[in-house]
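You will see chain A twice below: alongside chain B first, and alongside chain C after that.
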Partner chain A sequence: MSAVREQVRRRSEAPARARMFVITPVLVVYLALAVLLVVGSVLVGVQGGVLLDHGGILNILTRGTVLGLVAIGQTLVIVTGSLDLSVAYLIGLCSLVAAETMAGSPAMIVPGVLAALVVAAAVGLVNGLVITVLKANAFIATLGVALVLRGYLEHNYTGPAGSVPRAFQHIGYDRIGPVPVAALLMLLLAAAAWWYLRRTRAGYHMYAVGGDVDVARLSGVRTGRTIVTAHVLCAVMAGLAGVFLAGRLGSGAPYVGTDAGYDLESIAAVVLGGTALAGGRGGVAGTIGGVLILSTLDTIFDDLAMDSFFKDVVRGVVLIVAVALYARSRTAGRSA
Partner chain B sequence: MAVTHGTPGAEHPVAVVRLEGIEKSFFGIPVLRGVDLSLHAGEVHALVGENGAGKSTLLKVLAGVHRPDAGRIVVRDEEVSFAAPRDAQASGIVIIHQEFTLLEHRTVAENVFLGREPVRRGQVDRRAMETETRRLLDWLGEDGIEPGTSVARLSVARKQVVEIVKALSADARVLAMDEPTAALADNEIELLYGLVRRLRDRGIAILYVSHRMREVFDLSSRITVLKDGAFVTCAPTADLDAEQVVRHMVGRPLEALYPERASHPGAVRIALRGAGNERVRNLTFDVRAGEVVGLAGLQGSGRSAVARAIWGVEPFTTGTVELDGVPTRVTGPRTAVRKGIGYVTEDRKGEGLALRQSVRDNTLLVRRAACRGAEARHDADLARLLGSVAVVARSPHQEVRYLSGGNQQKVVLGKWLAVRPRVLIVDEPTRGVDVGAKQALYRLLRELADDGMAIIMISSELPELIGMSDRILVMREGALAGELPAGADEETVMALATGHGAAA
Partner chain C sequence: MRARPRLADGTGPVLVVLLILLVVLAFAGPAYAEPSGYLALLKRAAPLVVLAVGQYFVIVSGGFDLSVGSLVTAEVVVAARLVDGDDANTWWVIALLLGCGVLVGLVNGLITTKLLVPSFIVTLGMLLVLDGAVFLWSGGAPRGALSPSFRVLGRGSADVPVLGQVPWSVIVLLVVVVVAVWFMRSGTGRMLLAVGDNENVVRLAGGRVDRLRLLAFVLSALLASVAAILLAGFAGVSAQVGEGLEFRAITAVVLGGVLLGGGRGSVVAAAAGALSLEALFSLLNLLGVSGALESAVQGVIIIAAVAYAAHGAGLRQILRRPVPDTA
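Let's look at the complex of A and B:
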């Protein structure tokens, strides 16, 4: 205790010089992404391919779009000190709601999207209320909601359903140069989420609740409302991902979210992006970096035609190394 | 946001807050029995009493956490009732707790305005936050803190300043400080003194709760004493001395606070020869069975580092250590426990106890961890162990977080006694413990020494160190500055510790 205190004091005496060289997790993530792109280009190049050609960029961004949408929402709940495991089933559910409401009619595009988002918001509200009112642990609460959603999907659907009008399918495929329009929309939402977390009162309160819920409450923050808001926003982002996937597939699919493992994948992207799983630290900028790292890895594996078992091993190792590095830099930051 | 300036030293002080005849009981047990307290603008008012005397309950009534069963709260001549802490804050009353209510990873300004962030055109007005924080810091004369620094980078003392600025920004007129020095290092206490005086001079009423008589006398202008939930006295500090205050607190003169010293120390139990590591160097000393050896020094002099090295958390890298004449290498806490070294750490709640576990589990923790098989499961002597340290708990199954500080410390001691250590290191054993419990702890430590244990005691309270020790080793800058016999006076110890050797 006293040792720590002395060291903390020693550190605080020379902050001005140190601040110029602060290595933030966000910086690390994008450096890692740059290194990965270089290494990947070399590896793919050795085999006679090109990683970052037209198709490669398109591939990375397309993969990153859905994961990005989910991970942005996941960032909000994780910063608030919570977690959402129900997003994968929710994505499937929302794709079905959108596709079935649209039922092939261009006039129903807007109602379809809205219906999906309302369903998503409702599920998010349930998540938030179970956690704040019933005081259930977030992990269990959202796992429970995920199971409820799975039960509903399994009972009512055996395969794809509904139909998305051609006009809406454009959202999945239109692009400017190698950049998909949907990816731009995702980045726009990321910017909005960044602004929300960093510049608005509600965002400040999310960091406060995630940092220390008792401190936040004693300081007059409405902690319950903050947690519920984060969950609703997270669910809406998952809903958008579902709508987008429906647009790409042309119909709704019950397991489109779970097949890609968007629940754990989104949490992985958030953690890879330097957000503390315990909450209170991190942000959307890092998350987008994490998403790009994961989608770049996938693209590299595809270009190298690596088998899927090895893919998972590498992804797992990357994740563990990243988290270990963050943990290390934090302890070092505390005691050096 | 503006903080109104009071009139320091006015002829007829105005009571900012008056508590009259406050009564409060929990489950039918009276905790406060008609307590009066009035706080004036620009005064430091000390509130003292043993643990359980009702100080914290009174604080909570003042802060709106508890509603009194009877009695009145009068704020600036107007009777009020607080339903929640928010109401008390609205009346300008804020409590500065021992545990800070700060977010480590947010900036100073963000913490100061937490929950009350100014908004301009839909976004948080960060410039206004930083300007106002800067203004309040300047007003307090604290120019070493930048509003944009993350709180995690601040020292404990500076965090306290931030906590106070947070209160001031909410327009606090009354600050109740609960044991404000408990978490501070020696040199930081001086800074706090300055801060408290500046707050006072600027018209803030300060209720200062502390166990430490010296602080009470250094800072306060009036003292209110509580005993067993009842108001004993309120008098100007100038009319009292420490002995009188202690007598009011315990209701009897505190004779022989410290037990008799050892008469015949036994064989050498632990011997250090030129031991050192990154933080301490060239330590050579013995501690004998039956001895209590005090380790004095300023915060940062390496006192605790010696303990941590002996116990193997940061092991010695040079020199040798002998236990009962056998050269020994302690490479980690686990070997330390096996070799019979116990360490009662400074941070009782953080490192000493599993707060949510029972008295029984805590007491048996070390034995279960260090011993194997039947010995580890052996708990027949639990009652004897707890009895020997005189823990007062409802049952062995009570969670330790519900015990008083003194009783918690006894559980920590009991935990070590369960493995019968040969050497016991105690670091700040009486921090946050009331006078009565202190006396019991002193007796207990002395009995352990008499049973043949070698005890190394670290304390920043010099009277206690001098009162207990058979010898005093003084540390300075990671090395031994000298050794003093029993009963050395405070000046001599301080002279050695600071290196201003003229007095020594």
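Let's look at the complex of A and C:
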């Protein structure tokens, strides 16, 4: 008996030991981030600046907060094998809903936030139902919803609207040392999402559905419900990003999400973080690394006063190289 | 049923939609009472149709090309700067634009096939790079001007013996569609369709999967260049000329019933989808629907089209049952 147990133990240990030496995407992302911080510090230092001073850290984290919120939601959706292209317009819509409901009165802060999140959840529900009930491809379904939202925004708004009470603007600007409170809240949500994906049944179902929908269904997973849940959560995260931006800007702005390209940018962050675009593989930890890489890149470029063209080129190249590396290591692993 | 086999699966519905739209247009606008109205519509639709045909090649082989919109913008801006209003520059600039198109397609295709990066990400990266390049080059406001001979392709007309004045863009459109149909009926075209359906089977059967997918990206970028030349002539130079065209082209292809993920659908359906989209926009315009709602309508249509494609088989059966001999 004990021999068998010993054998079992040894066998279960072997892959664990092997895994220690396998470079996981998450590790690569944070290594890349560290390298980027060092190289960036040197480059900025050569020009006589300091990258990671008070302002630099604040800059990186503030940039990362909104993108992080959206990318956490996007991670859930992409892991489930789906995609959400509607988040950018949804951010604009939610910032407007929040700011217009608050209308400058501190008493309306909670209803404003709730209204924005309810709208976001409804849009996510529509996304999920179009994909599961109408059986539309996720790309097309969320693109369609994005276009509908855009039409609504263009028809009804020409510029910023509503106003956010001063009390609520604190959420956008308060900080502890160089760390914005909102960034901490974002990291807290990231931890919650990590826990949800890795420690709950519903989270495991998302991986199962993303890995293979048919196998998941045959194994008794309610695939439709899982996909809808992922989309609702993703939309709510985008809604939070919209609310936060309303707090920072002091009012709602229809194009605040699209100007920054949060739809494609969040997908880029997720993919950069090692999550497979096809679904079933990856996680929130990598995504946060991806978000920090993107926001650090932006901050470095700003410090170097670099041309916006190089910014885009470097981002494009970083993204493609990262995905190529992941693809390569995955095929190498498969053939081994 | 005997008359039908020439039409690929799924082409029927979009042609019906297109026909209905065209008839409604005739009632809605006096301009469409005579052929010239429809000719103008074709002229307006030509760039989108050309783009949709290019996008069709990529989608049918199982990919996406998100870079076409920014490629169009980049080429229009570059053309304006290089031509600089001088007729002598027209032809070599056109050749250069087509060459650039091929180059962009090669890069897209090579990264997708050799580095195994999903085409969504590759073409997204290309979109970023091209957008950045345009901004760098133009500083936000394009300089230079197109020569009259360059603009002829987009807005001029040719004398055709029987039909009279036919816009050049319509001729380009017809040539592109005819060549594309011919290509998809050739061995290579059928193989391309098979790649989208099941890549592994094609590989096992000895097909050169990588080369076929590369070809699809090159064709898409090349046709985007053609669309850029047409659009530059038709709409003139601006840094926003290609904005959102990639999604519009994908919408058109999907509207034509071409399955995302590849392996199904016909070129004619994709072209008809683009034409329907343009006809619909003209109709909305005539009915006085504000331009802002255009995108909302586009969104609803795109979802409806895909939902119909997914549930189409069942729906068609229900529709057919009462009239068994529609053929």
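Operating definition for what follows: the second predicted complex is superposed on the first by the 319 of 336 C-alpha atoms of A that agree within 3 Å, B and C clash if a C-alpha of one lies under 4 Å from a C-alpha of the other, contacts with A are read in each partner's own complex, and residues count from 1 in each chain.
We take it that contacts are C-beta pairs under 8 Å (C-beta built on N, C-alpha and C of every residue); 3 or more make two chains touch, one makes a residue touch a chain.
Bear in mind the structure is a predicted one, so any value in this text is a computation, not a measurement.
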item: Partner chain in contact with A:60 - chain B first, chain C second, else both or neither; value: neither
item: Chain B or chain C, by number of chain A residues touched; value: C
item: Contacts of A:137 with chain B and chain C, given as first, second, both or neither; value: second
item: Touched partner set for A:147, first chain B, second chain C, both or neither; value: second
item: Chain B versus chain C as contact partner of A:280, first or second or both or neither; value: first
item: Contacts of A:200 with chain B and chain C, given as first, second, both or neither; value: first
item: Partner chain in contact with A:221 - chain B first, chain C second, else both or neither; value: first
item: Chain B versus chain C as contact partner of A:264, first or second or both or neither; value: second
item: Residue numbers on chain B that touch chain A, as the complex places them; value: 85-86, 89, 101-106, 110, 114-117, 119, 122-124, 146, 149, 152-156, 158, 166, 185, 279, 299-300, 303-305, 308, 314, 345-347, 350-351
item: Touch list for chain A against partner chain C, complex; value: 130, 134-137, 139-141, 143-152, 154-155, 264, 267-268, 271, 277-278, 307-313, 315-317, 319-320, 323-324, 327-328, 331
item: Contacting residues of chain C [partner chain A, same complex]; value: 64, 111, 115-118, 120-122, 124-129, 131-133, 135-136, 247, 250-251, 254, 260-261, 290-303, 306-307, 310-311
item: In the complex, chain A residues that touch chain B; value: 1-3, 5-6, 8-9, 11-12, 15, 195, 199-201, 204-205, 207-208, 211-212, 214-216, 218-221, 280-281, 334
